[in-house]
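Paired with chain B in one complex and with chain C in the other, chain A is shared by the two complexes that follow.
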Partner chain A sequence: MIPELGHIILITHLILCLIGGTMPLLAEYTGLKIFQIPIKKLSVFLFLLISISFLSLVYSFLVDDFSVAYVAQNSNINLPDYYKFAATWGAHEGSLVLWILAMNAWIVGFLFFTHAKDRDFLASVFSISCQVMFAFSLFTLFTSNPFERILPIPPLNGADLNPSLQDFAFTVHPPLLYFGYSGLLIPFAIAVSAMLFSKETKEWAAYSRPWTLFSCSFLTLGIGLGSWWAYYELGWGGWWFWDPVENAAFVPWLLSVALFHSLITSQNRGIFGKWSILLSIFAFATSLLGTFLVRSGILTSVHAFALDPERGLFILGILAFFIIGSLMIYSIKDFEHGEDKAYALTSKEFGFLLNNLLLVVLAVSILFGTIFPLIYEAVTNGKQISVGAPYFEIILFPFAIGLGLLQGVALYLSWEKSTSFDFVSRLLIESTSIFALIVLVLFVLFDNLYLNSFATIFLASWIAVGTLQVSKKRNLGYWDFLRKRLSVTLAHLGMAILVLGVGVVSSYSLEKEIILAPDDSIKFGDQVVKFESIEDSLGPNYFSKKAVISFDDGKDVSNLITEKRTYSPSGQLTTEAGIETEIFKDLYISMGDNLEDDIWSFKIQIKPFIRWIWLGALLISLGSFLAGIKQIRRLV
Partner chain B sequence: MNPIRKQRLYALIAILLGSLLATWLVVSALSENMNLFYSPTEMKEANINQDVLIRAGGMVKPGSIIKSKESLNVSFIVTDYQNELVINYQGILPDLFAENAGVVVRGNLGSDGNFNAIEVLAKHDENYMPPEVAKLIDNKK
Partner chain C sequence: MKKIIDVLPLAIFIGLVVVLFSFLSEKDDQLETVLIDSSFPEFSLKALSDDSRILSKDDISDLPALINVWATWCIACRVEHPFLMKLKEESILKIYGLNYKDDKNKALELLKRDGNPFEFSIYDFEGRLAIDLGVYGAPETFFIDKRGVIRERHVGVIDEKVWETKFAKYLDE
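Now for the complex of A and B:
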């Protein structure tokens, strides 16, 4: 009964989305009152519907209703309750429902936190959002219905949730990403409405800014969590693989960052109007493209969960419809596109222009590398290639340098023209001193210097000094600082910390694959690594071999536990890494193969500063979230 | 020049320079980091430069996995059900590596006709098959 209820409610949601997607626009163009609908109420009602539909799916998981095909494929009687709950979005069908729920939540948020002076404009944004939700609901119902039953004979037990997904970070990572992706719907709907209504650039940019910031905040957190999860759960200590699906999230992230910076200019100066509109469209497009890449399984990826060309085509259809549609409006409609104002090369405007140029070209290059295998296959008639991680690293490096250098000076610039450049010498001196200090600390900590990390370490110091100096220079009181500069300081400082983490971890890491029998030990860096013991152990839905390994650096001894688990329903193996976290480094061990008796192979690693990457991401996310709230408070 | 034209010119120059730099980067980085995929059958037919990194793949042949007891050396055979290819690897294999599982390896073709892998990929969903391998099997059916 409950799954049918969820199904019917999802259909109701679909129909109401169609009404919400057409009525307000009809009302606008015909001027007839009968088409006017209460959009706020409808948005809340839609949200309730999609929530009930989602909850009925959750319910089916919690009560082990294996007659529902999706539950049977992704759950199991022995799965702990928390994971049964999280399994709701463990695969394609449930993810889509959550995705629609996220879009709906953003729309409700937008309608309630944007002042209703211009009701027609709000109605149009609502209408376009409803059209997108309609397309997604249609997609869900026709190609990926989560409520489909296996009748007449349902299986007695489910196939289980993929073991590597049975983990806390994983359960939070997809929802955050979905909220991030789907948040880009709001700037898109605003951009299209701005064209339709020929809205003044300054005004619509102000509406769009907070939602772009929120979206960016969620994307940052989602990507960061995914990276953290890959680090400890996949068992090999990597934190970024340049996998197509990671890129599919990274590209919209880059564009959302570009967009909110461009929107600052549009809102304050009334320029970059057309550019901001195009960026809004393409940021949304890449978030859909991301879905397409993940769902169609056309690229070799660790995430490809559904190899179904029909789904891929459907999403491509949705993408084409909305992108071509909005670009047609862009080219046909003569909309207001802001002012023409002069600005010098030393102005803030030009800084934002460079920022956008670098971010967008970087995004395009990464996107190109990601889909190049598809292009190549099409052109050469089926020859298959992959583009390796070095491609992306070579591309990223110069852009990162450019963006970092710009970020260090960006906050000093003034609108129209900067007049004073005294800051340059101070910035240079201070960031060089910080750089020297960091290198010294690294030398003391790890007894080594790596020249190839110098560029990134300097960049990190440059960004940090640039950020903190401006905040100091403005002579703000404590309270004013919190109110005016906190968000940007947090976000830019987060970037400095992230850059530092990336620079240090990529040069100072040590790793080695070894073979040990119990009581054997081996020297590794300044550590003596010893295989203490091994035992069998039993979990709720797996059994495992648990090895205790000690790391002794002469002062402290840490005992790390690593496991090789075999999950019972699927027989799938997973490795649980043993990690000891310190401020400046992680000790990391993962169990490899059993050679004979109790002799095992292990991979041991020392990962300096790796936590700083995620700390940086967390600060960026927090900073952009606070900035979003600040913008909303200005609007209400 | 009036200031607005001047600033348009700056913007244009910046965009041109940026895209030129990016295109150059993309082309040079791509030509060095593009790894072609070969099935065991294609591997036999094609004339492959041993210095170039390539990828190969197929299903792991049952009973073909030979693990050393003293080192991390391992060898196994991948098959596309027409031809076979011996893969040598030194290192820890991924958890999902198993007989009859689809794998993709990256490395060089050795002078003895065996493949020396520097990376072995078996993806983290047990039902998942790398698209290249799935295509191979589809073609043979």
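Now for the complex of A and C:
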């Protein structure tokens, strides 16, 4: 009964979304009072409905109701409870319900934290959001219903959740990403409403800023966790693969970063109005496009767990309807698009313009690289081409340099025009000293210097010094610093740390393929690596070979455990890497093949500063979240 | 006054949707029919493990078999790798690899580390055989029956479910 309850409630949600999506706009255009509905109450009620629907799916997983097809395909009787819970969003159908839930949560948040005097404007934002939710609910019910039953004879055990997804980071990563993606709905709905109501740029930009920041915060955290998962779970030691689906998350992230920077300008100066509207539309479009690319199966990818052309068509329809619709309003309607104020090349405005230009061109290049194989094939009648990591790395590098250099000076700039440039010499001197210090530390730690890491290390120092110096120069008290500068300092410093991590890990890493029998040892960098022991072990739904390997650098000995697991329901093998984390480096070992008896091959790696990448991402996420809260406090 | 430039975003976006749509609708027939029921194309390429060994169609001799297109840059291939290993270990049928636009050393290293499910891998650096096969990307898997005819094709990760629904039926013929 519970799945049917969830199903009926999802249908109710769909119908109410249709009402919420049309009534407020009808009220606006006809002026009739009967169409007015209490939007706040309705949004909360919708949220309750979708939550109950989601929880009934969770319940079906927890009680092993394998008569529900989705549960049968993605869970198993022996799966630990925590993973049964997380399996709810382990595949396409459940993800969609969670996605709708996330959109609904953002709408409730927006309505409750935006105390606009203009009720009609809020109603319009609500209405547009409801239309999008309606489309998603429709999509879920017609192409991907998670509540479908297998009757009359349900399977006994269930097929199991993909073993590589049975992992903490990977259970948290999708919801965070969904919250990030779906959060971009709010800036989109605000942008469309702003055009419809010809809202003043300064005003709507203020409404939009916090939600863009929250979205960006969640996207950062989601992408960061995904990267961390890939690092330890795929057994490869890489942290970014330029996989189409990674790109599909990276592009909206870039655009959301561009958008909230552009919104700062729009809110403070009343300019860039049209640009901010376009960015809001395209940020949302790319988040939908990402879904389309993943679900339609037109790009093959590790994430492609549910391929179905019909679904692809449906999502493309949703994408086309909303984006073409909003762009038509953009191209036809005469709306308020801000003031035309002059600003000098040395102004903050110009800095933001440059930042946006770089971010957007980078986003377009990455998007282009991701879908280029499709276009090429369509144009050349079936000839194929693949675009891999080298393309993306070549593209990224100049943009990263440009953005980094800009980020270092950006915080010094003033609106209209900057008058004093004495910061340049201090910035240069201090960042060069920090750069030299880092290089020295790296030399002491790793006994080596790599010239190709110098550019990124300098960039990191430049950004860090630029961020910290400005905060110091403002001479704020402790409390004022926390209130005014903490968020931006955290986020920009996070970027410096991330850049440093990327620079060091991509040039200082060591790796080696080895073959060892128990008690054998081998020299690797400054470490002596020894194969201590191997044993069989049993997990809740797998059995494994567990090898203990010790790393001895002359001072400390660390024991790393790496495993080859065989999951019993599916027979799938996974490799669990053994990782020892220190502040400056990771020791990493993953188990390869059993060659004979107890002789195994291993891949050993030393990954300096890799943690700094995720630490940086964490700070960026935290910084943007705090910035979002700060903006909300201004609105309330 | 609206200017022509205001229509530009709309025009670009419509163009994008048209391209995606045409690909989506084309994909089905193009992917499914081009090579289904025709015999495996002729080729002459080096073996991955041995530069001096030249492979041709006749080397794919132990039929029925799967041809699996893989590469080290393709993460999805790593996901399906255990399943291929399982097919090999349970001796269900032979699998031949088509190593696609890959770095030879990395490819060999991967097979050494994760196991080698293939009888041999054809080293197709320029994607010549892949073009003949109409390979869209990696991973892709083809089923070849006893007579050397391609019967089925799967784009994307092959797992238990795909095997059961798409391929297993041809094995019993």
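Keep in mind that, in the parts below, the second predicted complex is superposed on the first by the 635 of 636 C-alpha atoms of A that agree within 3 Å, B and C clash if a C-alpha of one lies under 4 Å from a C-alpha of the other, contacts with A are read in each partner's own complex, and residues count from 1 in each chain.
Criterion: a contact is a pair of C-beta atoms (placed from the backbone, for glycine too) under 8 Å apart; a residue touches a chain by one contact, two chains touch by 3 or more.
Not measured: the values here are computed from a predicted model.
J.: After the match on chain A, would you call chain B and chain C a fit or a clash?
T.: Overlaying the two structures gives a clash between chain B and chain C.
J.: Counting only touches as set out at the top, which of chain B and chain C does A:316 meet: first, second, both, neither?
T.: So A:316 only meets chain C here.
J.: Given the touch rule stated above, what does A:354 touch, chain B (first), chain C (second), both, or neither?
T.: A:354 sits against chain B, while chain C stays out of touch.
J.: One more residue to check, A:292. First (chain B), second (chain C), both or neither?
T.: Second partner only, chain C.
J.: Once the structures are superposed on A, label A:572 by its partner contacts, choosing first (chain B), second (chain C), both or neither.
T.: both
J.: Just checking: does A:513 make contact with chain B only, chain C only, both, or neither of them? Give me first, second, both or neither.
T.: A:513 sits against chain B and chain C alike.
J.: Considering only the touch criterion stated at the top, classify A:592 as touching first (chain B), second (chain C), both, or neither.
T.: Once the two structures are laid over each other on A, A:592 reaches both partners.
J.: Considering only touches as defined above, state whether A:584 meets chain B (first), chain C (second), both or neither.
T.: Once the two structures are laid over each other on A, A:584 reaches no partner at all.
J.: Using the superposition on chain A described above, determine whether A:343 touches chain B (first), chain C (second), both, or neither.
T.: The answer is first: A:343 touches chain B but not chain C.
J.: If we overlay the two complexes on their shared chain A, which of chain B and chain C does A:241 touch? Say first, second, both or neither.
T.: Second partner only.
J.: Once the two structures are fitted together, what part of chain A is touched by chain B and by chain C alike?
T.: Shared contact residues on chain A (touching chain B in one complex, chain C in the other): 164, 234, 297-302, 304, 307, 383-384, 386, 388-389, 513, 570, 572-575, 592-593, 601, 603.
J.: Which residues, counting only chain B, touch chain A once they are in their complex?
T.: Within the complex, chain B touches chain A at residues 3-4, 6-7, 10-11, 14-15, 18-19, 21-22, 25-26, 28-30, 32-37, 53, 55, 67-72, 91-93, 95-96, 104, 106, 121, 123-126, 128-132, 134-135.
J.: Where on chain A does chain C make contact in their complex?
T.: Its residues touching chain C are 73, 159, 164, 230, 234, 236, 241, 243, 278, 281-282, 285, 292, 296-302, 304, 307, 309, 312-313, 316, 319-320, 323-324, 327-328, 330-332, 334, 371, 373-375, 377-378, 382-384, 386, 388-389, 513, 570-575, 590, 592-593, 601, 603.
J.: Considering the complex alone, what residue numbers of chain A touch chain B?
T.: 162, 164, 234-235, 297-302, 304-305, 307, 340-345, 350, 353-354, 357-358, 361-362, 364-365, 368-369, 372, 376, 383-391, 394-395, 398, 513, 515, 570, 572-575, 592-593, 595-596, 599, 601, 603
J.: In their shared complex, at which residues does chain C touch chain A?
T.: Touching chain A: residues 1-2, 6-7, 9-10, 13-14, 17, 19-24, 26-28, 30, 73-76, 78-79, 82-83, 85-86, 101, 109, 112-115, 127, 130-131, 134-140, 155-157, 159-161 of chain C.
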